[in-house]
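The data blocks that follow each hold one structure.
Below are two complexes that have chain A in common, paired first with chain B and then with chain C.
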Partner chain A sequence: MVSLLRQQKIRNILLQALFAGIVLLVVIGGWRNAQHALSSQNVVSGFGFLHKSTGWDVNFSLLPASPNDPYWWFFVIGIVNTLFLGILGLTLATFIGGLVGLFRTSSNDLLQLLGRIYVDFFRNIPLILQVFFWYSLVTNLPAPRNAMEFGPLTLSNRGVYMPALNVGGWHVAGAAVTLLLALALPLWLRTTRRLASPPEQRGALVWGVLGGGLLLAAAILLLGRAPGAALIDPPRLQGLNMRGGLRVSPEFTALLVAIGIYGGAYIGEIVRGGFKAVGKGQTEAAHSLGLSPWQSFSRIRLPLALRAMLPILANQYIWLIKATTLGIAVGFTDFFMIVAVTINQSGQTLEAIAILMVGFLAINLSIAAIFNRINRAIALKGNQLRS
Partner chain B sequence: MADTHPANVPAVQINGMNKFYGHFHALKNIQLTVHRGEKVVVCGPSGSGKSTMIRCINRLEEHNSGQITVLGTELNDDVASIDGIRREVGMVFQHFNLFPHMTVLENCVLAPMLVRKTPRAQAEAAAMRYLEKVRIPEQAQKYPGQLSGGQQQRVAIARSLCMEPEILLFDEPTSALDPEMISEVLDVMVHLATEGRTMICVTHEMGFARRVADRVIFMDAGEIVEEAPPETFFQSPSSERTKQFLSQVLGH
Partner chain C sequence: MNTLANSAAVAPPGRVRMLRKRYFPTPLQGVVSVVSAGLLLLISWKLLDWAFLSAVFGAEGSAAECRAAGGACWSVIANRWRIIFFGLYPHAEQWRSALACVAVVAMIVLSCVPSFWRPWRLAAVWIIGTAVYYILMKGGILGLRYVGEEQWGGLALTLFIFVATCLIGFPLSIVLALLRRSELPVISRGTGLLIDAVRSLPLLAILFAFAVVVPFMLPGWMQTGKLYRVVFGAGLFFAAYQAEIIRGGLQGVPRGQEEAAMALGIGYWHRVGKILLPQAMRNALPATINQFVIGFKETSLVIVVGFFEILASGNAAYGTGEWTFAYREVYAFIALIYFVFTYSLSRYGAYLERRMAISSR
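Then we have the complex of A and B:
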C-alpha cells in the first residue's frame, strides 16, 4: 500500500480525486445552503419567472419590446443590445487603434507625437469617467430648436439624429448582413489557398462577389421600402422636438464614443507592438528586392504584424465587450442592466446572475473561438528564426 | 541578365565615401572600384565596417559624404535611382530574411511579379529554374520555417537570382549556419561565380576567397587596408594588420 503511494501516477490520480471531491463538496454545500435560506424567506427559486411578463420597459431595443413581454425575451433583447453596442464599439476602436498605431510607428515626428499624446491621455483615464464625460457632453448639447448640424448629422440634447431609411427593420438587418458578407468574402477569396486558381487570377470572381453583394443589399433595401414614402427620411424639427430620421440616444452615443476612443488607445498600442515585432531583416529584404514602400508594407510588414497582433487583439476585444456593462452607469439597457433590473423587480437574484454569466461566457468564448480559428489558419509554418 | 549597361562602366564605383553613426566614424574615405563580372571578397575583423560598406551599395545604409555609383547611376536621395539600383543589385543576408508567411515559391516570385511585372506563369518557371540551380526544387511548396538553415540560405540566393540582378551582394552568408551546412551554400556560390555575374562577398571563408575571388579586400577600423589578388593576399600581405588577421583566421 505504501509502495503504491510512492508511484508518481497513482499519487497524481489520488491528488486529483481529492481536489475534485473538495470542490464538489463546496458546491453541493453552497447549493443546499442557498436553497435552505431562500425557502426560509419564502422566495421561489427556479427559472419559472422567465415566462412571466416583466411589467417594465426598455429604453433601447433593436427588437420589438413591450412591458407585456416575458423575461426571457428581455434577456434576448439585452444580449442583442450588448452585441450591437459591442460590435459597433469594437469596429470604431479598431479603426481608431489602427490609425493611432500607424501614427506611432510612422517616421513622421509630428504624427508620432500625436499618437503618443492620444494613447497617454485616453489610456490613463478610467473608462467610466470617459463614459460620464461623453454622456454629460451629449446631454448638454443645445435643445432640438438650436441643434448643431454637421452635414447629415443633427446634434441635440435629445440625442444624435441622422437621416434614416424608410425600410422595415428586418430588411435593414438582411441588407447589413449581405453587405458584411459582400465585403468579407472577397477578402477571403483574395487570400485563401483552398481554391485551385492562383490568387491574382481570381480578380473577376472577387469583383463579381463584391458587386453582386452590393447590388443584392441594395435590392433588399428597396424591397423593404415602405410603400409610397420617400426612401430617405431626414430628421426635421417639429414643434419642440425632432421628427423623422434615426435617433441615436445620448446613452448609446456616450457609450459608443467612450468605448471607441478608450479601446482605440489600447488597440493603437497593440498595432504598434505588432509592427515592432516584424523582423527588421524582412523589411530590408523587401527593400533590397526593389519593392516599393507600399508593397513592402502591404505584402510583408502588415501580414506579419497582423499575426503578431491577433492573440492580444482577441484579449482586448473580450475586454471591451465586457466594458459594455457600463451601460448601467448611464441607463443604457444592455444585458447587464436588464439583469440588474430583473433582480430588482423579480427577486430572482441567483438565477438572473447565472443567466448573466452564461450569456457573457457564450459571447466571449465565441470571440475566443473565432480568433483561435483565424490564428490557426494563418499561423507561420515551421520554426521561426528571429532576426 | 539584362545587358543594358555598357561594358566599360564599372559595376560599382565608390569615391571618398564616409559614414558616421553619431560621432562614430564607421567608414573612412572608402575608395573602391569593382568591374563588371569581377568577384570581390571583403574580409576583416568584426566591427571593421565590411557589412556597412556593402549595405551602402544598395542604400540599406545611407552614406554621409563621397560618391557611390552603381552601373553608372549615382546613389543619392533620388528615389527613382535608388529603386533602379535595387532592381539590379541582389542581396543575400546573414540571417536569410526569407518571408516566413509565404512558401519558398512565393518568396521567389514576389519581387519579379510586383517589381518587374512578370506574369505568374513565367515568374514561376524562372523561380523553379533557379531553385534547381541551388538544388532545392523539391522544397518549392514548403514554408521557410520548415527548412534547415542551409536550405533557407539557398532559397534566399534563388530569391535574389529571380530578379536577375547584375550585381549580387553577400553579407556573411554562412556565418549563421551550422558547420555541416556551410559547404552546401558555398558550393552554390562557387557555381554562381562561374556565370559572369558581379559578386561582392563579405565572408570569413578564406577557402572560398582563394578559389573564386579575383580580388580580396581587407578592412579594419572602417578603412580599406589592403587590396590584392588572392595569391598575393594570402602569400605576401603587405600590411602588419593583414598578417595578424590572417594568422588568426588561418591559424588552426
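Then we have the complex of A and C:
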C-alpha cells in the first residue's frame, strides 16, 4: 500500500480523485440540502415557473411589460435594461475617461492637475456612495412646478425631462440601428481590404452609404410618426406634473451619472497608461520627420496607445457592466434586481441564481469576445512591431 | 499683460521666462492654461465657500439657521456623528467601538511597515488586532457587557467587514493561486473554473447569494450568523481576484528559480514558501495594494443585504425629519472618511512602487 502511494502517477490520480470528490460532495450536499429545505416550503423546483405570470411590475422597461407577463419575459426585460444602462454608462464613461486621460497626458501642468484631481477624487469614493448622492440630489430637486431648465432639459424631483420624438418605439429602434450602421459601415468601407478597389478610390461609395443611411433613418422616423402630431414633443407642465417629452427617472439618472463619472476616472487612468506605453522614440521619430503635433498624435501616438489600452479596457467594461447591479440600491429594475425580486416572490432561489450566473457569464463572454476580435484585427503584425 | 510681455522681451528674468515657457508657449496653450487655472480657482473657491465660509458649525445650529446660511450645515454631523461612527451600538459602550476602530487602524498601519513583512509577524499582528477588535466589540468576557453582532454598525462594522474579508480572502487567494498552477489537470481546471465563475459574477450577486441562498444549502450544524456568511462571500470574491494577481506574480518569477530549487532537491513546501511566493508577492505588490483599496470600497455594498455599515448609518443620520435636507453634508462626510482610508492606501502603494523601482535598479 505504502509503496503504491510512493509512485508519482498513482499519487497524482488519487490526489485528483480526492479533489473531485470533495468538490462533488460539497455541490451535491448543498443541492440536496437546498432541495429539502425548499420542498418543505412548498416550492416546486425546476424551471416551470418561467411560464407563470409574475404578478408584480417593473418601474423601467424598454419593452412592453405588465404584471401578467411570465417570468421569462421579465428576465429578458432585466437583461435589456442592464445592457441599456450599461452601454449608455460605458459610452459616457469612455467619453469622460478619454478627456481625462488626455488632460493627464497633456504637456500643460494645470490641465494635468485638473485631471489628477478628478481621478483621485472620484476613484477613492465608493461607487454606491456616489449613486446614493446623485439619487438624493435628483430627488431633492424642486417639484415640477418650479423645475429648473437647462436648455432643452427640465430638471425636477420626478426626474429629468427632455423633448421626445412623437414616434413609435419600434420605429425609433429601427432608426437608431440604421443610424449606427450608417456611421459604422463607412468606417469599415474605408479600411477593409476585401473590396477590389483600393481604399483611396472609395470616396463616393463611403459618402453615398453615409448619406443614404442618414436619409433612411430620417425616413423611418417620419414614417413612424403618430398621425396629426408634431414630430418633436417637448415636456410641459400640466397641473402638478409634467406631460409629454421623455422622462428619465431619478434612479436611471443617478446610476448613469455615477457610472459615467466613476468609470471615467478609471478609464482616464487606462488611457494615460496607454499613452505612457508608447515608446518615446516613436514620438521623436514623428517629430523629426516633420509631422505636426496633431499628425503625430492622430497617426502615431493614438493608434499605438489604443492597442496598449484595449485589453485593460475590456476588463474595465466588464467591471462597469457588473456595476449596473447597484440598481437594486435605488430601485432600478436591472437584471439583478429582477432576479432578487423573483427569489423574494416565487421562492425559486436556485433556479433564479442559475439564470443570473448564466446571464452575466453570457454578457461578460460576449464583451471579451468582441474585444478579442478587435484586438486581433488591429494587432501589429510582422515588422510593424517596433517600439 | 502687455507690459509684462514687453518687459519680459527686453530683459527676460529667469522666473518670468520660465513661467511663460511653461504656460504660454503658444497662444492656444495660453488659453488652455488660463481656462484651467480659472476652473481650478472657481472649484476651490466654491468648495471653500460652501464648506467653511458660509457653513454652520457646532451642535447648536438648527435646521432653520442652516437653510438661511446657504452653505454646508455641519451641525448635522455634530448632532449625529455617533450614529455614523457607531450605528446602533449601545450608547454607554461606544468607547469600546471607538477603541476597536483604533486597534484595527493600528493593525493596518503596522502591516504597512516593511520590517513587519515576515509571514509570522504579519500573521501575529493581524490575529492579535482582530482578536482585540472582536473582544472589544462583542464583549461577554473581561467584565465587558455582551453586544450581539446585530447591534454593530457604522465605521466599526465597515472596518470589521474589511478586515475579515482580508483575513479570509488573502490566505484563500494563495491557496487558489497554487491550486490553479498545479500540474494535475483536474485540480488546476477545477480551481480555474471556480475562480472564473466567481470573477464573472457581480459582488452584489455573491453577497446576496451568501445572505439569502446559502442558508438553504448548509446543513443545520453549519448555520452561522448572516454577517459571517456575507463576510465569507466577500472574502471568496476578494480571493478570486487576488489569486489571479498572485498567479501573475508567480508567472513573473523566472523559470530558472524553480528549476534550480528542484535541482537542489528542495521539497515542494520550501520551494513555494521560501523561493517562489516571496518573489511572486514582490512582483504582485502594486496590484495587491490596489486590490485592498478596491476591497475597502466594496465593503459599502453590504448595505444592500441589510447591514448597518457606515453608508447605511449615514442614510439614517440624515433620514430623520429634521435633517432630511442635509444629505450633501452627510455624504460629503462619509466620502471624506472613505477618501482618507483609500487615498492613503493608494499613496502608500505608489510609494512602494517607487521604492521597488529603486531597489531593482
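Simple rule for what comes next: the second predicted complex is superposed on the first by the 334 of 387 C-alpha atoms of A that agree within 3 Å, B and C clash if a C-alpha of one lies under 4 Å from a C-alpha of the other, contacts with A are read in each partner's own complex, and residues count from 1 in each chain.
By our rule, a contact is a pair of C-beta atoms (placed from the backbone, for glycine too) under 8 Å apart; a residue touches a chain by one contact, two chains touch by 3 or more.
Here the structure is a predicted model, which means the values were calculated and not measured.
**Q** Figure out whether A:R299 sits in contact with chain B (first) or chain C (second), or with both, or with neither.
**A** The answer is first: A:R299 touches chain B but not chain C.
**Q** Per the contact definition in the header, classify A:Q282: touching chain B only (first), chain C only (second), both, or neither.
**A** first
**Q** With both complexes overlaid on chain A, does A:G290 touch chain B (first), chain C (second), both or neither?
**A** The first partner, chain B, only.
**Q** Answer with first, second, both or neither: which of chain B and chain C does A:P198 touch in the superposed model?
**A** Only chain B; A:P198 stays clear of chain C.
**Q** Please work out whether A:V271 is in contact with chain B alone, chain C alone, both, or neither, and reply first, second, both or neither.
**A** A:V271 sits against neither chain B nor chain C.
**Q** Spot which of chain B and chain C makes contact with more residues of chain A, would you?
**A** The partner making contact with more of chain A's residues is C.
**Q** Is A:K381 contacted by the first partner chain B, the second partner chain C, both or neither?
**A** first
**Q** In the superposed arrangement, what residues of chain A touch both chain B and chain C?
**A** On chain A, no residue contacts both chain B in one structure and chain C in the other.
**Q** Looking at the complex, which residues from chain A come into contact with chain C?
**A** 12, 15-16, 19-20, 23, 29-31, 33-34, 37-38, 106-111, 113-114, 117, 120-121, 124-129, 132-133, 136-137, 140, 318, 322-323, 325-326, 328-329, 336, 339-340, 343, 349-350, 353, 356-357, 360-361, 364-365
**Q** Would you tell me which residues of chain B are touching chain A in their complex?
**A** Checking each residue of chain B against chain A gives 58-60, 83, 86-87, 89-91, 93, 95-101, 110-111, 113-115, 120, 142-147, 149, 152, 156, 159-160, 163.
**Q** Could you list, by residue number, the parts of chain C that touch chain A in their complex?
**A** Contacts found on chain C: 22-23, 29, 32-33, 36-37, 39-40, 184-187, 190, 197, 200-205, 208-209, 212-213, 216-219, 293, 297-298, 300-301, 303-304, 311, 315, 325, 327-328, 331, 334-335, 338-339, 342-343, 346.
**Q** Under the touch definition given earlier, write down the residues of chain A that touch chain B in their complex.
**A** Per the stated touch rule, the residues are 198, 200-201, 279, 281-282, 284-292, 295, 299-300, 303-304, 307, 378, 380-385, 387.
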